[in-house]
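Listed next: structures, encoded as structure tokens.
Consider the two complexes below, in which chain A is the common component and chain B and chain C are the respective partners.
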Partner chain A sequence: MMGKGLQSTWRKFRKQWQLQIIALAGMTILFLFSYLPLFGIIIAFKNYSINMGFAGIFESEWVGLKWFREIFGFYRFGEILKNTLVLSILKLALSFPAPILLALLLSEMRCTWFKRLVQTVSYLPNFISWVLLYTIATAFLNTDTGIINEILVNLGLVNAPVPFLTSPDYFYGVSVFMAVWKNSGYWAIIFLAAIAGIDSQLYEAADIDGAGRLAKIWHITLPGIKASVITVLILSIGSLLGGGMGGSNFEQAYIFGNTFNNSASEILQTYSFKTGLSNGRFAYATAVDLIQSVISILLILISNWGAKKTTGEGIF
Partner chain B sequence: MAKKKENEVGRKYKWTKENIIFDGIVWILLLVVFVLIAYPFYYIVLASFNEGYDFMRGGVYFFPRKFTLFNYVDLLSQSKWIKAFQVSFFRTITGTLLTVIATCFLSYVLSREELVFGKIYKFLVIFAMYVSGGLIPYYITLRNLHLLNTIWVYIIPSMLNLFFIMVGINFFAAIPVSLIESAKLDGASEFRVLFSIVRPVSTPFIATLSLFSAVNQWNAWLDSAYYVNGEGLRTIAYRMLTEVNQTLGATSTGGSMVTTSTAMTTQASAMVASMLPIMCVYPFLQKYFVQGIMIGAVKE
Partner chain C sequence: MKKKTVQKMLSVILAAGLLLTGCGGKTDAGAEQKSDPEQASAGTEANEAEGEETGGEKTWSEDEIITLKLFCDEVWWPYDEWSGRIPDIVTEKFGIKFEVTVPSDVNQLNMMIASGDLGDLVCSGKFTRLSDSNICYSLDELAQEYNTDLNIHSVMRFVNTADDGKLYTQMVGYSPNSVLEGWDKVVYEQAGMVIRTDIYEELGSPALNNLDDFTNLLQSVKENYPDIVPFAYNYSFTNDYIKILCGATPDEEGFVDVDGKAVPFIMDPGLERYYELMNDWYRKGYMTDENFAWTGTEDEELMISGKLFADSFYSNSEDLTNPKLEQAGADFRVQLVVDMTRGQEGAHWTQGTAGWRGLFIPRSCKDPERVLEFCKWAWSDEGQELLLWGEEGVDWNWDEDHSYPILNYDFEAPNAEDGVKYWGWMCHDGKANVLPGYGNGGSTYDARVALTEICDANPVMGMLRMGADSNEQVIMDNLKDLYMNESTNIITAKSAEECKEKYEAMLEAARNMGADQLTEWANEKYGTLKAEYDKIKDNKE
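Moving on, here comes the complex of A and B:
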């Protein structure tokens, strides 16, 4: 029986060889760039140097938790972990409500051309790289040519230019603001679509009852988009350390970080990247990366559990 | 605030106190949003058309004080920028083309019910979406595949967009099986089916995928910073980053102001030039990507 089943599968497989060639070619690419790196994770427990190649991943000597002990003993570890978590949480706390607010404002705007104009402009920053945003930020926030500092100094609000981009005190604020600026318009699309899907009869009924505009938002619009809001919230908690809705934390911390604000801008990912690729400590850097992945997976599991608890439906 | 508020669906606008205050606030807030987002872009364009030393004196907010095209001439005369633009154009066009072909082919094949081992293939894709080896193991892989320091490091590893494969599977699954079956009875090969039946109905999917992968390719800087060395393969985004960092380093350590602020206007022209391609395609693809992110959001 087994043999016959296998044979008919094989016959079917051969008959659809054109499809199978494409599928297998795809799986090869997937294997090379998604699955091969997975093996690399074990070097977090090994004494690996980059010149050992692929085979070295398996053949190098085991060192147990040596790298992890070193990381936990590193005097800046607490600071880096704190930056990772604070930056992620602040970004979530602000880049989550902002697009909802924007979508509500847009849906209340009656002048169609202006609404369309604001919407088109608002999702433009999402398509601009962090590098370009950083260029814009320097043009505005630079200490000697930045337009914001120029205005602040001219109005006499500050005595000396504010080092927005080069002081640890301003790093969180600037990052969160930039994240909100970059991504709110894009996420507002989802909420606007949800608002458009609300039954207009509900609003008409509320009109007859004499409900005010705010009352309609509170009692009809917000409950109407609850499902989308929860879905997006779950997704962004799941990708919290990656940056969630606020775009890549890594890119942002790497680009906006410099030697002057390093005590606020160094996060696990940038630290891993620099020790690995700039200092050549690949095994150690992989261990740092692994710590971040473990925290991420815990967050995904927690948010999935929370979602199942509150809405009866999880991500998976 | 604007007095002309005609109602969209024929209902008469009621000039009650509540409506006036409410709409007034909506107008003010959205105007603030508009200025907050549009002005920074305008300011960069402005800087790119103003003479460098003059711009450095400050006070140029709305119109160029000393109009010049020199910044663009300066940009185009520097071979490092020209080279960077060439690299970025090449990777964007080739990369997008290959990503679209590979991603569409694979997601179409995986969408076919009768595919033997289809479930296993799909599982492998989903698993790879959630679990990754991280930056360092990925780098080691690229190194051992001898992709470092070649232009292909920008293109081949990103050929499959896993998220869009999942979107595509759902998209292609909606094509009626009977359509495909009847074409095959007429003797069409799988490739013929793909090109003559599947491709024409997939415009929104292909448009969204193209836009996203083109934007990713055009904006990429990390791979250019770490996966290649030597100046010949640097992309425009990487070039931009190093220039700005030099400026910032010089100004915050009190370095030469003159060179940095002239560079500021040239940087502005480089920025305008590097935003231009995105600005050009984005109005046309806008309606598709709104659809596109909705497919993704509903699925997730």
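Moving on, here comes the complex of A and C:
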């Protein structure tokens, strides 16, 4: 015999069955393509070879933590992990406040057409792929023909062209700058939407009280978008190692990386890609990725806990 | 009521649509994963019918012709369609058309292996990965099943036999001694280097007999043409020409013979001289930093734009680059440096390959019988000549002594519309690809003659193949990675001392990564294989 609550849920479900079917289809896709493949993680603990095909996932022998031991013993593991963390943290540290600042500046603009122009122009780089961006970067930063280098040399600011795209010393800087430039406009839209949702009466009351622009930003706008800021921050920290708000670390490191700057540009994802796909070591690459996933989950839990502690808000 | 019915139908359609959108691609791929029994059976029936025989040659009607999937595992493969006069002749002969796939990146084959769908024929250099009876048919297995004689030379059989004792392919570019003996025009293909003729002449055409001469020339270019980059090397050919001049191995994987012992390529002592020289050139500003970041044909682009003097590329570079310069309207041309390998002391290289790519018949092949027949023919002289050179009497003729083909087109720039030359790259031996150069009139052949003079052939080195997922292969992959990364650091070191230190650090790292273990493994095999090879190397058939 069904409980009263269950009966009411069932009634509601029957009433909405057309909509539920659509939702079910979406969930089925989610299950098939996002959850079901997760079982493939087991190859991180097995002696799987691509020559075994799909059946090999089940038939290959268990090897415990063999691949993890190999990764931790790999002579470049420290360097690769350091690159992954430094690049991710730098990108978070600069990519996160940049769109908030941009949104605040845009919201304070009085000239509507200029505001729209800036918003559109800052949003456009989001649609440029990293491959194209590399070509643009080459045109600007190349040591032979790059415009920036020509300006620097002609102005006498440097004696020789700066190897922005090849030297490991410049990799982090160029990557973070590119990421901020590419993605700030896109993320600013979310914060602009949050700012638009703030009750205008609060600003009117602040005007009556004699509050200046900065005071209104500090006491009304920022607290008003706090929930959005926290949500975006937690999501960014969760995808920190993947690049977070700064866009794909993998694409950036793979495209901007070369043998010259490899000591700075090799990150866990590119290493996993090279050993996994190029050398056909899927099991080993899965183990590398699994390490990264575990770190990401831990980061989400810690950041959510931290956000709850300090602001009282979290995503779960 | 009507409204409800419409609602119900709409929901079902939407739900189905969503599912299909999500699953569509996979469903198709899934269906393709297995051989289509109907198609296979159609193929078999077609075979049984064996077409119409006209004067000993089978002819295939339109509905008997089957389309098979051919995967050419090289990202640079020039032809991506089975079309043109030469492919049409093959289609007529075997009733086969190929749907060609050229990978967009080097990882595609591994993904295909993992998915179990390799199509009907694979042309690849991944010998150990594909020489697996779970993935590909062995040739003897098919020959037995379809009652055909493969007629493979005993030395070819030996060098191409996989570790499981089976023969899966015949790799291209290698021929046994007895085959080459009858062809005195045969030379080895190897790297080369071109320089800009106009600048060279303006600088008084100084003699280029060795690396010192060439270094002096680069210095003159740097001093007299400050806007021109004196030297660059091509990404794919990794500066092999300069390595050879230094007596270093141009190979970036596998083993080299050092005093009769097989050692991993990275431990080749010749590399020290190479690094010293390159570091010297780098510090003198003959090369740009960007050269180390290139991943394609940027050197060629730099040359065409008029900003490069010397390009270390391949032995056919002059024949390849000059038509491009002409097309681009450039007022200069390039010329190969031919004689430097003759004058440079210690210049040397080993032809250590037992072939570099081969045709494999995967288990997913829909019609192994017809594909085997095609491969067998492609490996024959008749097949190689047609696929590589074109039609006898139309595209080429033998010289009077029957010692080389005289082509009526430029072999280094064949007409793509005819589909000539490059399909032959799937199946040629050690002579068919180089003989046309003799009569071609270009400098490619001269450069290859000079390179052949300083070459030793040792196919056994190429037989030291590590299992695809073995520990040895893992060590070798790590050594390759080490070499790729550290070579740049060594060459770009700030001083000669730092260059030496970094080189020694690389060797130390290689030992820590298992280079000595790999040496031990290789030498256990090397001695046995070499002894067996020496016994049969002069076999006539």
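In this section, the second predicted complex is superposed on the first by the 270 of 316 C-alpha atoms of A that agree within 3 Å, B and C clash if a C-alpha of one lies under 4 Å from a C-alpha of the other, contacts with A are read in each partner's own complex, and residues count from 1 in each chain.
The criterion applied here is as follows: a residue touches a chain if its C-beta (ideal position, glycine included) is under 8 Å from a C-beta of that chain, and two chains touch if they have at least 3 such contacts.
As the structure is a computational prediction, the values presented were derived from the model and not from experiment.
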Once chain A of both complexes is superposed, is A:19 in touch with chain B (first), chain C (second), both, or neither? both
Given the touch rule stated above, what does A:172 touch, chain B (first), chain C (second), both, or neither? neither
Which superposed partner A:142 touches (first chain B, second chain C, both, neither): both
For A:29, decide between first (touching chain B), second (touching chain C), both and neither. both
With both complexes superposed on chain A, which partner does A:38 reach: first (chain B), second (chain C), both or neither? first
When the two structures are overlaid on chain A, which partner does A:251 contact: first (chain B), second (chain C), both, or neither? first
Applying the touch criterion given at the start, work out whether A:280 contacts chain B, chain C, both or neither, answering first, second, both or neither. second
Can A:68 be said to touch chain B (first), chain C (second), both, or neither? neither
Quick one: classify A:263 as touching chain B (first), chain C (second), both or neither. second
Of chain B and chain C, the partner touching more residues of chain A is B
Footprint intersection on chain A (chain B / chain C) at 18-19, 22, 25-26, 29, 32-33, 50, 53-54, 142-144, 163, 165-166, 258, 260, 277, 282
Residues of chain C touching chain A in their complex? 7-8, 10-12, 14-16, 18-19, 22-23, 106-107, 110-111, 113-116, 129, 132, 134-135, 229, 288-290, 292-295, 307, 468-469, 473-474, 477-478, 481, 484-485, 487-489, 492, 509, 512-513
Under the stated contact criterion, what part of chain A meets chain C in this complex? 17-19, 21-22, 24-26, 28-29, 32-33, 49-54, 74-75, 142-144, 163, 165-167, 258-263, 266, 274-275, 277-282
Along chain B, where are the residues that touch chain A in the complex? 2, 4-8, 13, 18-19, 22-23, 26-27, 29-30, 33-34, 36-38, 40-41, 43-44, 47, 56, 58-59, 61, 102, 105-106, 109-110, 112, 114-118, 121, 124-125, 128, 130-141, 143-145, 156-157, 159-160, 162, 189-191, 215, 218-222, 226, 237-238, 240-241, 244-245, 247-249, 251-252, 257, 260-261, 264, 267-268, 271, 274-275, 278-279, 282-283, 286, 290, 293-294, 297, 300
Chain B-touching residues of chain A, taken from the complex the two chains share: 9, 12-13, 16, 18-20, 22-23, 25-27, 29-30, 32-41, 43, 50, 53-54, 57, 102, 105-106, 108-112, 114-115, 117-118, 120-122, 124-125, 127-132, 134-136, 138-140, 142-145, 147, 150, 163, 165-166, 181, 185-186, 189-190, 193, 212-214, 228, 231-232, 235, 251, 254-255, 258, 260, 269, 272-273, 276-277, 282, 285-286, 289-290, 292-293, 300, 315
